[in-house]
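In the part that follows, the structures are each spelled out as structure tokens.
Next come two complexes, and both contain subunit A; in the first it sits with subunit B, in the second with subunit C.
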Partner chain A sequence: MPEVRPALAEQFDSLEQQHEAATLGIWTFLATEVLFFGGLFTAYVVYRFLYPQAFAEASHHTNLLYGTVNTAVLLTSSLTMALAVQAAQEGRNRALVRCLAATIVLGIGFLLVKGLEYREHFAHHLVPGAQFALTAKPKTELFFWLYFTMTGLHGIHVLAGIGVLSVLAFMSSRLNFSSEYYTPVEMGGLYWHFVDIVWVFLYPLLYLINRHL
Partner chain B sequence: MITVPKRVYFVVWLLLLVLLVATWGMAKLNLHPFNAILAMTIAVLKMLLIMLYFMHLRYSSRLTWIFAGAGFLWLAILILISLNDYLTRGPGGGG
Partner chain C sequence: MNATETAPCADVAPEYGHESENYLHQHTIKSWLLTTDHKRIGILYLLSIIFFFAIAAFAAAIMRLELLTPAGDLVHSDTYNKLFTIHGVLMVWFFLIPSIPAVLGNFVIPMMIGARDVAFPKLNLLSWYLFMMGGACALYSILVGGVDTGWTFYTPYSSTYSNSHVVSMAAGIFIAGFGSILTGLNFIVTVHTMRAPGLTWFRLPLFIWSLYATSLILVLATPILAITLGLMAVERLWGIGIFNPHVGGDPVLFQHLFWFYSHPAVYIMILPGMGVVSEVITCFSRKQMFGYAYVAFASLAIAFIGFLVWGHHMFVAGQSVYAGLFFSLLSFLVAIPSGIKVFNWTATLYKGSISFETPMLYSLAFIGLFSLGGLTGLFLATLSVDVHLTDTYFIVAHFHYIMVGGMVTGFMAGLHYWWPKISGRMYPEKAGQLAALVTFIGFNLTFFPQFVLGYLGMPRRYHAYPPEFQIYNVLSTAGASVLGVGYLLPVIYLIWSLKHGKIAERNPWKATGLEWKTSSPPPVHNFEETPVVGEGPYNYPRLDHEDLEHA
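On to the complex of A and B.
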């Protein structure tokens, strides 16, 4: 039989208090993540204000189709994640494992599409550096520095999220969660949704809003 | 504990996809300054849907709301005060 851990840790008075502490803890962590990405968002806003023409020129070289498909993939993965948390809540362990697996597959799908897109950028010499193709257009390299840094940092977060979800899937396949104690699933879910929200902003900033400047 | 009907999650997901198609379609048109305004408004709407329903904020304590809002407050300060410099440097925009 798998180990059954007591649902209530001894430092808490009640399950509600324990749940609230975990929720506030993860939201505090997410606030630090907002500011982690916030520096890059600020750099983006400032440079877009200073060099709108370069941003307009450069953003025509991003792949709108890949970006749009990937947005749909991540939004759908947030649905499967929300369904995973609900399955955990209701003690439906098989559904929990299935929903986590679906979320992981969608996350990997996102990274694969992103990889295809990066490969295209490499082929077109859009990676900042000595081989950069748009040197005749001043400051376009700056846009691509931001593009690669922001999507790269986001990609690392997706990878970390896949790691977290894999651990959760392993734990739930060993029946470590019950409708009484599923806090890790819920907290992993909050992280995953956060990563989705970051992409919800990267998508218009990098693919959409500079096309007609 | 919060129990959200499964239907709610699917409706939110559909709304998110509708917003995605809308923002993608609008990007093909030249709406001048409204391209950015509408795209960012839609991004905020998507964020609110995800936070309120998928992240359960709608059903969470007001203390959780404060914690969730804190990051955005500091982000707004970071961006607005940085822009305050660049926007007021006059012609040429500084740099």
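On to the complex of A and C.
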């Protein structure tokens, strides 16, 4: 199998410099992403503070089972991603491909479970709008508006992540990443972990707070 | 990596040494549209922003014409609303924000730090395409009927009541925003990782420091604007949302989020101008920058404090008085780093060998106009005074002194300063000086009367007004015509100079800085060989005027 050549772009002097630039670039991009989600988290905090009862009431209508399963699925996918990066680092290409594939499958699994959950919400009329079921309890609609916007935006990021990982899997199935050059895998991994961390915040905010079983 | 691994990389590095052709040697459309050369991308931005500037300036011209008489006799009030929205949106997002960073920054940052290009050249081109796609959305919104919300898109008017093309306009800003985020990201990584050997942080030109601070704001503030406009658009399409009071939403939250971006964005529209002025002042007074480190850190301080003062836009919007007090105090703090800059520029001029070439004239105008704009900002940061002045022409005058008197003047200074490098030709000096003078006079005549108008109580955003305000409005409209001539002149003589200007030498200003060490216009990869830096910036030897003229 041919190796992915550590292509040095012409603007750089050394591979080291190129790697440093890529790393700083992806971290800066993740900082942007944090702020992007930050607007939504701010809105959530403001309204949770203004309407604590409505939010506690509304969060009872989310599906804890789906949410918990999805948390487990996504955390596992972070493990397989970390293993993928390590495999790339050690030049074990078959393990790399397998780990990436596992991560992709888990990502798709996450979206499927999320889809089932959305379907249930539609059936129970929990989507904000004219058909909204909890109109007797004011401000619960705000919770569900935030719920759909936050999980929806997160879902789009998962989808983008699956796209990135697919490209990486395709690359590594045809060529070898080596311990000298695996920057793309590392960068893709950082992005995937970010998407995972966002969910780690969404899960307690949307499913757990004030939920006395 | 150890030394044995890095050593062969020197051989891997592309052979750019023999590349003596300058960056303009290819002429096909394709060579421009698919270029990854930071210099060409800078030119693409230059042409694009001039296009948007022309449309936005035309909208302003119609408004000033309308305001010539007290009655609303030229345009309908609805049309007037659309005119000031077009003017604001295009000037802010499609002219000012990309002006110095994306045009001059793109062109000179890699050269100033001795690099062949930015860290991510393809991403740089993508930024321009995103910018143009955003611009296309904005133009579409204008052509199909316009938007009447003002550039601030306040809810619930924008999300519920406005019958205009809010969503497509917001989409345009959203897309262009990602272009600016990527530009900022590129600059941050470039400055961190691509500096020439020996070029330590405290040997960097102050233009780099100010654009670094600007890039931090672009990367950290713009995503908030994106999500805020996104939420507003979703609310408008879905008919329900978090800014909607019917379901318990708070419209003021929109203002908080909007200004959390837009106040730092105001500093995107001044910091780069300050960077240009630092370059020009040192060059044309042949002196070391007074208090270099203070000026450098003042840029970062302005960027940092800029994130903490957004509430001063909302003193009368129902924000708590205690929040207002803190925002007022923090806003006063911005005056400290700004003051440091102005005093240090002045101290640099002191006993310098000053000559008044066009870039210097613009930079001196910048110092004066920025000071006036900044000091009137303190009026507005004062809670009680702001209650009287909110939404009057005083505000309009204040931010035009910063954004036009400051940033546009800084842009003109930089454009003239680096024109020999960009085009390989000299602009006609006398014409340049004349244009700088005309601009300065026209600008003050346009906007100074607006301070008076605002103080007397004329509200902004109305197409008709009581007759007693007419004299100031006539003065302002007359000034706008002069200002228009001031902006038209450079367009004419700069284009003229492309063919007929004197051929520029490598370093026509005898300036320090790596960008002057390469030919004009520069070769594709900027330098014949990577420069090595052994001294700090602005190491100007004392020169007499005769030396400069013989140079």
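Just a few scattered comments:
We adopt the following convention: the second predicted complex is superposed on the first by the 201 of 213 C-alpha atoms of A that agree within 3 Å, B and C clash if a C-alpha of one lies under 4 Å from a C-alpha of the other, contacts with A are read in each partner's own complex, and residues count from 1 in each chain.
In this text, a contact is a pair of C-beta atoms (placed from the backbone, for glycine too) under 8 Å apart; a residue touches a chain by one contact, two chains touch by 3 or more.
Predicted model, so just to flag it, every value in this text is computed and none were measured.
In the superposition on chain A, A:142 makes contact with subunit C only, while subunit B stays out of contact range.
Contacts of A:209 after superposition: subunit B is touched, whereas subunit C is not reached. Of the two partner chains placed by superposition, only subunit B is touched by A:200; subunit C is not. Contact with both subunit B and subunit C is seen for A:28 once the two complexes are overlaid on the shared chain. By the document's definition of touching, both partners, subunit B and subunit C, reach A:46. Legend: residue contacts after superposition of the two complexes on their common chain; A:78 is shown touching subunit B, with no touch to subunit C. When both complexes are overlaid on chain A, the residue A:14 reaches subunit C alone and has no touch with subunit B. Of the two partner chains placed by the overlay, subunit B and subunit C both lie in contact with A:38. For the contact definition in use here, the residues of subunit A common to its subunit B contact set and its subunit C contact set are 20, 24, 28, 31-33, 35, 38-39, 42, 46, 50.
Per the touch definition, subunit A reaches subunit C in the complex via residues 8-17, 20-21, 24-25, 28-29, 31-33, 35-40, 42-43, 46-47, 50-51, 54, 128-129, 138-139, 141-142, 145-146, 149, 180. If you check the complex, the residues on subunit C that touch subunit A are 1, 5-6, 9-10, 12-14, 16, 115-121, 181, 185, 188-190, 192-194, 219-224, 226-228, 231, 234, 238-242, 247-250, 253, 257, 525, 530. Chain contact summary for the complex, subunit A toward subunit B: residues 20, 23-24, 27-28, 30-35, 38-39, 41-42, 45-46, 49-50, 64, 68, 71-72, 75-76, 78-79, 81-83, 86, 89-90, 186, 189-190, 193-194, 196-197, 200-201, 203-204, 207-209, 211-212. Taken together, the subunit B residues at the contact with subunit A in this complex read 1-4, 6, 9-10, 12-13, 16-17, 20, 23-24, 26-27, 29-32, 35-36, 39-40, 42-43, 46-47, 50-51, 53-56, 60-61, 63-64, 67-68, 70-72, 74-75, 78-79, 82-83, 86-87, 93-95.
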